[in-house]
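Just below sit the structures, each encoded as structure tokens.
Note that chain A is present in both complexes that follow, paired respectively with chain B and with chain C.
Let's look at the complex of A and B:
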């Protein structure tokens, strides 16, 4: 790779180097084309659909309407509600799963008998299929007649609560947090275990209390891990679908309809492909607006030597 | 790796690819199997259809030249999958299973083959006269059949005989909704966690709106008037919707806004509700799955009424042939076999009489074995189906057909929105009247947008 640094070399040599570079990369080309085909082509097609008025079940032929679908979206009360729901649900789940995952990690970061078993059990929820988990929570936990919660609240004397009807958003948040706090636990535990023991010992020798050590030393050390967890959980939870489809069908009165569920309703219940595509594009723009700043924050982790 | 080695490797792979493609070409062009036809069939994943897939060897025995490939999908995935296929003319399927709601709509668009014209008249062995008339009407468009009914169903009332006896109540064969509300109030037993009645509350046009629409119909209400003006806020429709919501809130199962037929089936079979108003097709599963306390105490009654008699709904799953299929004749052989008397007998003998597809043929109800296995509910099922009239579902005249739905393409969207608001009312987040007002505004918008009203 030193030949290129000799800038005095002839032009032909540079060109042949470039050609060689391309020749070396040539085997990657099929993979690149495939990636473009499966990621960018659907995007372009969706963009094209979003400019059409095209309802599969309608008797009218598809026609080009420019940005009418996007303008209509702004006037669609349910769509605006879906944006608010997505924000509330995603934000709560991210915060709650970092908090709960962090607490679990702090507990599991200490030596005690049966730690391996406890750790395995704590991580398990993440490996249960979302649909199976949602079905179990619907009948096994939330249901006032058959569920554990109904039984517990009855026993302590506050009666059986209609969880899903009365607190629809909360039930979705609890269920999804249950799954994703296991994921935060994984990352945060790894972070805690990479905390240098010398530093901890030095702090102890200097007479720093437990809380002080955590607040001043552990937390700054964990910061990139927390940021990464927040980013990853937000990215996955933004498109939360299984919990909503199983628990509430987006109801009651669209109280739990998030953007991905509303896009699904437009596409597969109204069969309005134009509107659904437009909603999809808007959702994508919102998701990118949310994740790109977060990615920028987190990208420091991947740089050599980490953040200063 | 040196360049020459790399080149030879590339060349080698080219040669082998070429060889492979030639081999494949030869294989495909091989004569002798030219007459064999493979049909791709899209089916709903329900017990009756699974039985059909199991018994397919009997079909092969009759038609050795036809092979069948089943694609089984859950009911809610079947609809979008099949719709995409026929609407975009992908011609992936030769036979599709579709609901009664789709048949006339798709027939109008020319997506499915007119079976009356092409086959039914010629194929006397299939006995079209034996089909139940309302079910036959349901899978027809302008008098011609576009699907063969695999099974048909209506709605009726399930109730617990022991709980009724204990409370000193008797369920008449034809109850009224007022009586049902009265029974529900008396049987509602908070101490033992038994609700008076179970009704669907979860959003979805095929979920909570089905029973609700039958209530609207029998109360004398309707979805639209003759000029397609929405009528949910008319006096009688409003009374019906308020009745449904209040009955559910006061004496229905707890947390009703999350429950569909699946949850009600579970509540009823586990003894947690005294009554359940739902599809006749669940009669078999209820008796199968009931716990010891419930088994033997399951009673049946006709769909409750208010003003209009015969208020049960009407549904059928039909088998249609998309017009894009290249094997129409072979597809008819399969479709007619699956809906023949012969098949029903075969399914009864091989898979049990309780799982025979019900409600399609009169002859099914004359089979001694079937009668013996289903004596508790077969008569009422037949009566319910025969008293439903999809062509005239309401008291006041309407421009649409369909009992528990409106046969227009926009109804899925309308129904989903309305049922969301309804769930809001059931869960107590809004009043029933607010839910009606919000729904009607949206319906008006959809109907104007679609060009029904100017």
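Let's look at the complex of A and C:
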């Protein structure tokens, strides 16, 4: 009898523990459920669609074809080109943004008159709406006849270059780098400002030169910040869409079509939902393969709960 | 010795820094300048730096359906940001102040959702929106922008909650305040500036979003979609484009300038302060 009452006692206790557990989780649930439903469920459905032949233009009903869309993707020259374009564009933008943002940050991490104004001006490109930026760059900067860049190149004797048709990838890279180097400037400057001044002073007392201090002390200190910048820029630029849609429409001849843009073309121009879904799954896998290892590298920063 | 070395190099570095800064800002300055030109001046060759300014283009912005797109933009931005804040504060609370088991996994789940390209989900998102008759409505954008910004907001708010001294919570426990009271009356006032900058950042992302807006909406849509329509006009409206672009960037740029300090924290998911 004692044993029964004991066991029923534990049971009620477990039940109340479970209830308490859910009570603790309650504040988290709305956010978690919404994010799961809206951002994760679509990927599961995409996976299902990707196994079907389903073209809205064709009169045939959707049909289960297993992995045929994926096999076809491997033989689709444009798709392979889109993967290469995504890699080239993303990689160049990440490197260029870190370099330009880092140089600007180094310059701004010094005492001089008007420093706050300079910093404010330098980070502004990041806030500009990508569509607005792309639209104005197209008409006001890159345009061979009316753009300011055409005028500059004409003036220095290389003639009027039609940037968008001659160097389509480069125009995308320059425009996007312009916006994202302002972003890396913000983060790298925060990194530089968190460099302990005592260390810098001690190094100076020891007679260490500027370059030495930078290479041996500042760079190691900045390393996690640089990695974090790389991860975040890569994460956002992988999905680069506005610049491509406005400047080049993915052309000429798919020269600037990245994975996101190709999925968009397949789904909303070719209306081939099966293929678009398969491409979407592959780009999801590639994005995860690229960013998850990078997340692991920088996860130390996140685990510490932030650094000053 | 090092002082003299410094004094020689410093002015040069300052000049270089200013040069770099001005190159970064030049396209924006050019855009603002162009917006005050007549269309003839805007496409003149060589480009004009001095001209009689006109406000004509700003006056003409409101001639077509700019107002209706602007209304949708404001509505979608405000409502989605408000919902984000209402959901993110309790979630961050349950991951920081009274952490649930495996809170670390949950946090990493949230950040990992930001690494998945939204294009991979666009087909089902489109079809579900169509099934629920939500295409071309602000509702669909509000739902999507809310879930798009939630992970960022949770991470950012969490980073502010982590900084609240432990004693505050102990005092609350002694006081016997309930959870809701603890959250609303004690924590929220303590991190108010942090919440403001979180909201600002979410608003910027919602205001600028293009991919979802262009795929799911057409006439009832936000300003990026409105701007895109100018593409078909080519060079005819360079100055007009500049005026619209300048006007719709003013709120975001001003907000960004004001929030400079805590912006870095938000953009790095609270990792850098």
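We adopt the following convention: the second predicted complex is superposed on the first by the 279 of 308 C-alpha atoms of A that agree within 3 Å, B and C clash if a C-alpha of one lies under 4 Å from a C-alpha of the other, contacts with A are read in each partner's own complex, and residues count from 1 in each chain.
Quick note on the criterion: a residue touches a chain if its C-beta (ideal position, glycine included) is under 8 Å from a C-beta of that chain, and two chains touch if they have at least 3 such contacts.
Remember, it's a predicted structure, so these values are computed and weren't measured experimentally.
J.: Applying the document's definition of touch, where does A:166 land relative to chain B and chain C: first, second, both, or neither?
T.: In the superposition, A:166 contacts chain B only.
J.: So, A:190: does it touch chain B (first), chain C (second), both, or neither?
T.: second
J.: Examine A:222 and indicate which partner it touches, taking first as chain B and second as chain C; both and neither are also allowed.
T.: Touch partners of A:222: none, neither chain B nor chain C.
J.: Pick one for A:142: touches chain B only (first), chain C only (second), both, or neither.
T.: first
J.: Contacts for A:284 in the overlay, against chain B (first) and chain C (second): which applies, first, second, both or neither?
T.: second
J.: For A:250, using the defined touch cut-off, is the partner it touches chain B, chain C, both, or neither? Pick first, second, both or neither.
T.: First partner only, chain B.
J.: If we overlay the two complexes on their shared chain A, which of chain B and chain C does A:268 touch? Say first, second, both or neither.
T.: A:268 sits against chain B and chain C alike.
J.: Could you tell me if A:25 is touching chain B, chain C, both of them or neither one (first, second, both, neither)?
T.: The answer is second: A:25 touches chain C but not chain B.
J.: By residue count, which of the two partners contacts chain A more extensively, chain B or chain C?
T.: C
J.: Check whether A:131 is in contact with chain B, with chain C, with both or with neither, and answer first, second, both or neither.
T.: A:131: touches chain C, not chain B.
J.: Residues on chain A in contact with chain B in one complex and with chain C in the other?
T.: In the superposed arrangement, which is not itself an observed complex, chain A uses residues 138-139, 143, 145-146, 267-268 for both chain B and chain C.
J.: Give the list of chain C residues in touch with chain A in this complex.
T.: Listed in rising order, the residues of chain C that touch chain A are 2, 5, 9-10, 13-14, 16-18, 20-22, 24-25, 27-28, 30-31, 34, 42-43, 45-47, 87-88, 90-91, 93-95, 98, 100-101, 104, 106-108, 110-128, 143-144, 146-148, 150-151, 154, 159, 162, 179, 183, 204, 207-208, 210-211, 214-215, 223-224, 227-228, 230-231, 234-235, 238, 241-242, 244-245, 248-249, 252-253, 255-257, 260, 263-265, 267-273.
J.: Give the list of chain A residues in touch with chain C in this complex.
T.: 21, 24-28, 30-32, 34-35, 37-43, 45-46, 49, 100, 103-104, 107-108, 110, 112, 114, 118-133, 135-141, 143, 145-146, 148, 151, 155, 178, 181-183, 186-187, 190-191, 194, 204, 207, 209-210, 225, 228, 232, 235, 238-239, 241-242, 245-246, 259-260, 263-264, 267-268, 273, 276-277, 280-281, 283-284, 287-288, 291-292, 295, 298-299, 301-303, 305-308
J.: Once bound in the complex, which stretches of chain B touch chain A?
T.: 79-80, 83-84, 87, 105, 109, 193, 202-205, 207, 253-258, 263, 266-267, 270, 272, 409-410, 412-413, 416-417, 419-421, 423-430, 435, 450
J.: So in the complex, the part of chain A that touches chain B is made up of which residues?
T.: 55-59, 78, 138-139, 142-146, 150, 160, 162-166, 168, 247-255, 257, 265, 267-272
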